[in-house]
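Dropping the structures in below, format is structure tokens.
Shared between the two complexes below is chain A, which pairs with chain B and chain C, respectively.
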Partner chain A sequence: MYVNFRYQAESPKSDVARRLSVLLDMATLLRGLRAAGALRGLGGVLAAPTATNPQFCRLRRGFYCAALRLQDESKSDKASSSSSSSSSTSYHEHYQAHSAQQDTAGQHHSDPAAEGTSSSADGQSEYQDEEYESEEQLQARILTAALEFVPLHGWSMEAIAAGAESLGLSSASTGMFINGSGELVLHFIADCNTKLTEILAEQHNQVQLGQAEKKKTSEFLRDAVETRLRMYIPYIETWPQAMSILLLPHNIPDSLKHLSNLVDDIWYYAGDRSTDMNWYTKRAVLTGIYNTTELVMVQDSSPDFQDTWAFLDNRIQDVVNMATTAKQVQSTGEAVVQGLMGAAVTLKNLAGLNQRR
Partner chain B sequence: MVHRILRVDHAGEFGANRIYAGQMAVLGRSKIGPLIQQMWDQEKKHLAKFNEILSENRVRPTALLPFWNIAGFVLGASTALLGKEGAMACTVAVEESISEHYNSQIRVLMEKDPERYTELLQVIKEFRDDEMEHHDTGLEHDAESVPGFWLLKNVIQLGCKAAISISERV
Partner chain C sequence: MAANIHCSIINRKRNFLSHCVINMAASVRTFVRSLSRKNACFTAVLRRSECRGFTGAAEDRSTHFGFETVSEAEKASKVYKVFENVAQKYDVMNDAMSLGIHRLWKDALLHVMHPQPGARLLDVAGGTGDIAFRFLDYIRSQQEKQQRRAMSLGQTPSWRDISDGYPAGGGAPESAVVVCDINKEMLKVGRQRADSRGVTTGLSWVVGDAEELPFNDDQFDLYSIAFGIRNVTRIDQALKEALRVLKPGGRFLCLEFSKVTNPVLERLYDAYSFQVIPVLGEVIAGDWKSYQYLVESIRKFPDQEEFKGLMEDAGFFCVQYFNLTGGVVALHSGFKL
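Moving on to the complex of A and B:
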């Protein structure tokens, strides 16, 4: 993107031509800014990879490849916007520092020209190859490996460093993670959500095929929440630390997003297809149940967390009772209104007001 | 992006339903009652279709539904209090807004990926044709003879535009 400003002090051209040239300059400038903004945006996207959805990863690999190509073009131009290229070059610096240890990653990034020539469609199939691992995949691998060391080091950079070392990478690769402990916890949570979705989808299939009985809603919710919370058991000692990490301001948007996706998934597989305010109330109720049960779980010392599951049972029972009570109140109200109307008509008849003379 | 489109369409049909309900509450027993009832029934079908589409695509409905519930009813009832012409004027204004909005959605979807969204485009086109029919019916039944037609129409359409932009996001 070469932004070109032409200022002509005294122009022999006509007024119209001058205005046209200014407009063209502005258009070029806008195009340049938009592309620069897109690059910056891409850089920002790549800075905090938390999604583990494979389709999303493929899209990001495509973006990353595109970003590298664009960044390459912009580097070769003189007047490229420095801020956008700096955000992408920081990744290059990280990889170049570890190029000795990460040969494959080094190859990948020190040779962007080769990528640049391949179209993004071809690039995606190339990325299936082991040699061309994208940054998100690498980060995901390191974070997954780091989970093993969490009971020892807690949710911290040390765990990530230990994880990187266990994969044969240098512990300096923690430099890739700006928000290390946050990314580790969020990665774990996204992983748990994916596993839960798979389990629920499998159960759903079994019911469709007739191989299993359809559960009652309260039972379904109870089982789903229990399954999901049981995934925390290996890390329960350090879970309070993880919860406090999730409450840090810069992690809150992501953790809320994961929580809302989780609750939406559970309700979807429980059979909720509402399209009115019930959509909101159901999810709010389940979020409350899930969060309180999680809190009970971290301070539960009973065998196999029996107290937690009993608490969960009681909360779900509360909700069921509330729903039943609400229905009863409504039908009672309707019956009372009908009774009053009947009494009013009777009175009118008695007073002779209903006669037609 | 599709989620926003579906969310606002659902909100729109819901609002239209409530507007006709308000009009029927006032003018239900007058001569124009059967006509309003007929238009209302078509809107009910539209709403049912969008309910189906929303739940299939796991789209979040707009959180302002209770507000559109009341606002729509109040709009329908208050314009109906201006008489049959007022009700028709309200119909004309709202249906024109909605048709314009559907048209821009059709344009957006066609630009994006017509093959992927064929079914949705089909639905939106069909509904847009229905709404235009309602608009024309309104004009036929002396919508323009209400005093202050120009003012009423523009105020209602401004409200519709605001409602559309809010419902896309909230």
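Moving on to the complex of A and C:
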């Protein structure tokens, strides 16, 4: 949870990321940490010395690896089916990789641009509870509390101040957030992405256990995008403000990263394992669908956003049609070419050019 | 002996130090707090001399006063005399010495502070009230901005809304600033400035020692000390007091002269400090030695990283600093979490 060294996937090529065993190790232990929650207190103790020192991160990693191998095994025992144990562990690892990325992403955004955040603890017995929780965790808590006040104050420092006060902290603690509104929006988005990944993983487990039917790709995409967009409904009044905040230049890298993680996750759970140009085209298409549907949703006033879901249906149908059309065009093209070749050979025969003397 | 027993009876949650002096101070401090603030101005000065008189420990420890070495007991009274002398011409000299740039530094402090409406600020060593006035202006302009935003949303306030806006007893906490200074002359000048500006509410003036603040625990959202902490005899004690009076989540801000990072600029700055400033002091305020003390005390103050370490030792979190004007001034910020 205190992963403060930056895993920047520069482009959404998480197949490369997956292949990095280092990332997998980190991801497995992080996933185990989050899921179990049992090591939280332990993690807090170890985090007490320094929070951001990478050497300590490596130490912690080494420490946790052993403990979490056990947890990981128990989890994969639970979830793996007989036939595809390897693929399920790779699902786990991928899921963990992404939740790790989202965790770090979420925490990076709540990380202030402070040189040397400290957590020294000489004799501060009164603040021991806050120490064991690191500063990033406290900031995440403040941002989560601030989400309640967003409908009232918008995505702004006032919402964060109200959130801090609801936790019993002074409003001056908003000074920890240099890019206040940006951090709040990005924290919310990271949260939503994590929730979506959990839902998709749960559905995947259900399918693996045979308790649910496997959906068609287009249906799966539709449901995933709808689930994700429904998370915005409580904040839909202020969502245009949030979207404009995400477009500010200093927020663009982070918001693009979240978007690419989201789209990659959805395609992964839809069953995409392509390793060629299709990987890019599929994600680009889904990004387009997602963004346009979001825009439609923001100005939709129909009951329960029915117009938005109808729009989504149509877009996905377009994509499916386009895919079939593309295949047809290709096969037609091949047939035409063959026909032409045949005609050319016939002409040559007629003209007597094919004779061998 | 009796004093020690007396102290052990008094329940001090945050009494980390075990020195005899501080134990004595604790017992006297609780006595002081039971009095009203007005009376504190008399007991404050008496208190310090009593403390030092009771034990000989403070006189044995030595500290720096500019480039001289003096005992801790003497330093406080010498600093008091310095500021007593310069109080009348303090603001004029600030403008002359820093060529007006000190205003930008103080504005930067307020921008970093970014106080929310309803915040309470304790400005320590804030004698003539520069930070306090800026704070009140900032809060007022924020409130005006909020009102304008509410108006622009097309909601004309009903009579009920307007009447709710009138200051009511027991409403939302209003922002307030308490200016605390050890030196009565400086506070006098500050009060005169407040009167001439017409500021009447939200401001109060208290005499107090930064090492022993006459306030209860967990009182303030913000604590600022601008160009004052290098004059404090025991900086770690002042930091611990700051931690004590801040609410959880409260912020400590310190504006102080510090080490210049650029070597070329450093040479120029040294030359300016030692050649020009005392001369200005003599010409404008008629006091060479006070301004000699000023520039020497700047050199004696710990640099940015050291002060950050001191803050972390005192128990502040998320400590960071910003260098202003190339390191001539550093703004340190820390949170009580």
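Quick note on the criterion: the second predicted complex is superposed on the first by the 225 of 357 C-alpha atoms of A that agree within 3 Å, B and C clash if a C-alpha of one lies under 4 Å from a C-alpha of the other, contacts with A are read in each partner's own complex, and residues count from 1 in each chain.
The rule is simple: a residue touches a chain if its C-beta (ideal position, glycine included) is under 8 Å from a C-beta of that chain, and two chains touch if they have at least 3 such contacts.
Source: prediction; values computed, not measured.
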Check your understanding: Is A:158 in contact with chain B, with chain C, with both, or with neither (first, second, both, neither)?
Key -> second
Practice item. Mind telling me which of the two, chain B or chain C, contacts the most residues of chain A? Key: C
Point to revise | First (chain B), second (chain C), both or neither touched by A:268 | key: first
Practice item. Report for A:310: first if it touches chain B alone, second if chain C alone, otherwise both or neither. Key: neither
**Study point:** Partner chain in contact with A:279 - chain B first, chain C second, else both or neither
**Key:** first
**Study point:** First, second, both or neither for A:173, with chain B first and chain C second
**Key:** second
Exercise for review: With the two complexes superposed on chain A, say which partner A:344 touches: chain B (first), chain C (second), both, or neither.
Suggested key: neither
Check your understanding: Between chain B (first) and chain C (second), which, if any, makes contact with A:233: first, second, both or neither?
Key -> neither
Review point. Given the touch rule stated above, what does A:335 touch, chain B (first), chain C (second), both, or neither?
Key: neither
Exercise for review: Sort out for me which residues of chain A touch chain C in the complex.
Suggested key: 112, 114-120, 122-124, 126-127, 130, 135, 138, 157-158, 161, 164, 167-176
Practice item. Sort out for me which residues of chain B touch chain A in the complex. Key: 10, 50-51, 54-55, 58, 60-61, 63, 65-66
Practice item. Name, in rising order, each residue of chain C that touches chain A in their complex. Key: 13-14, 16, 112-116, 118-119, 221-222, 246-251, 308, 312-313, 315-320, 333, 335, 337
Point to revise | Residues of chain A touching chain B in the complex | key: 264, 268, 273-277, 279-280
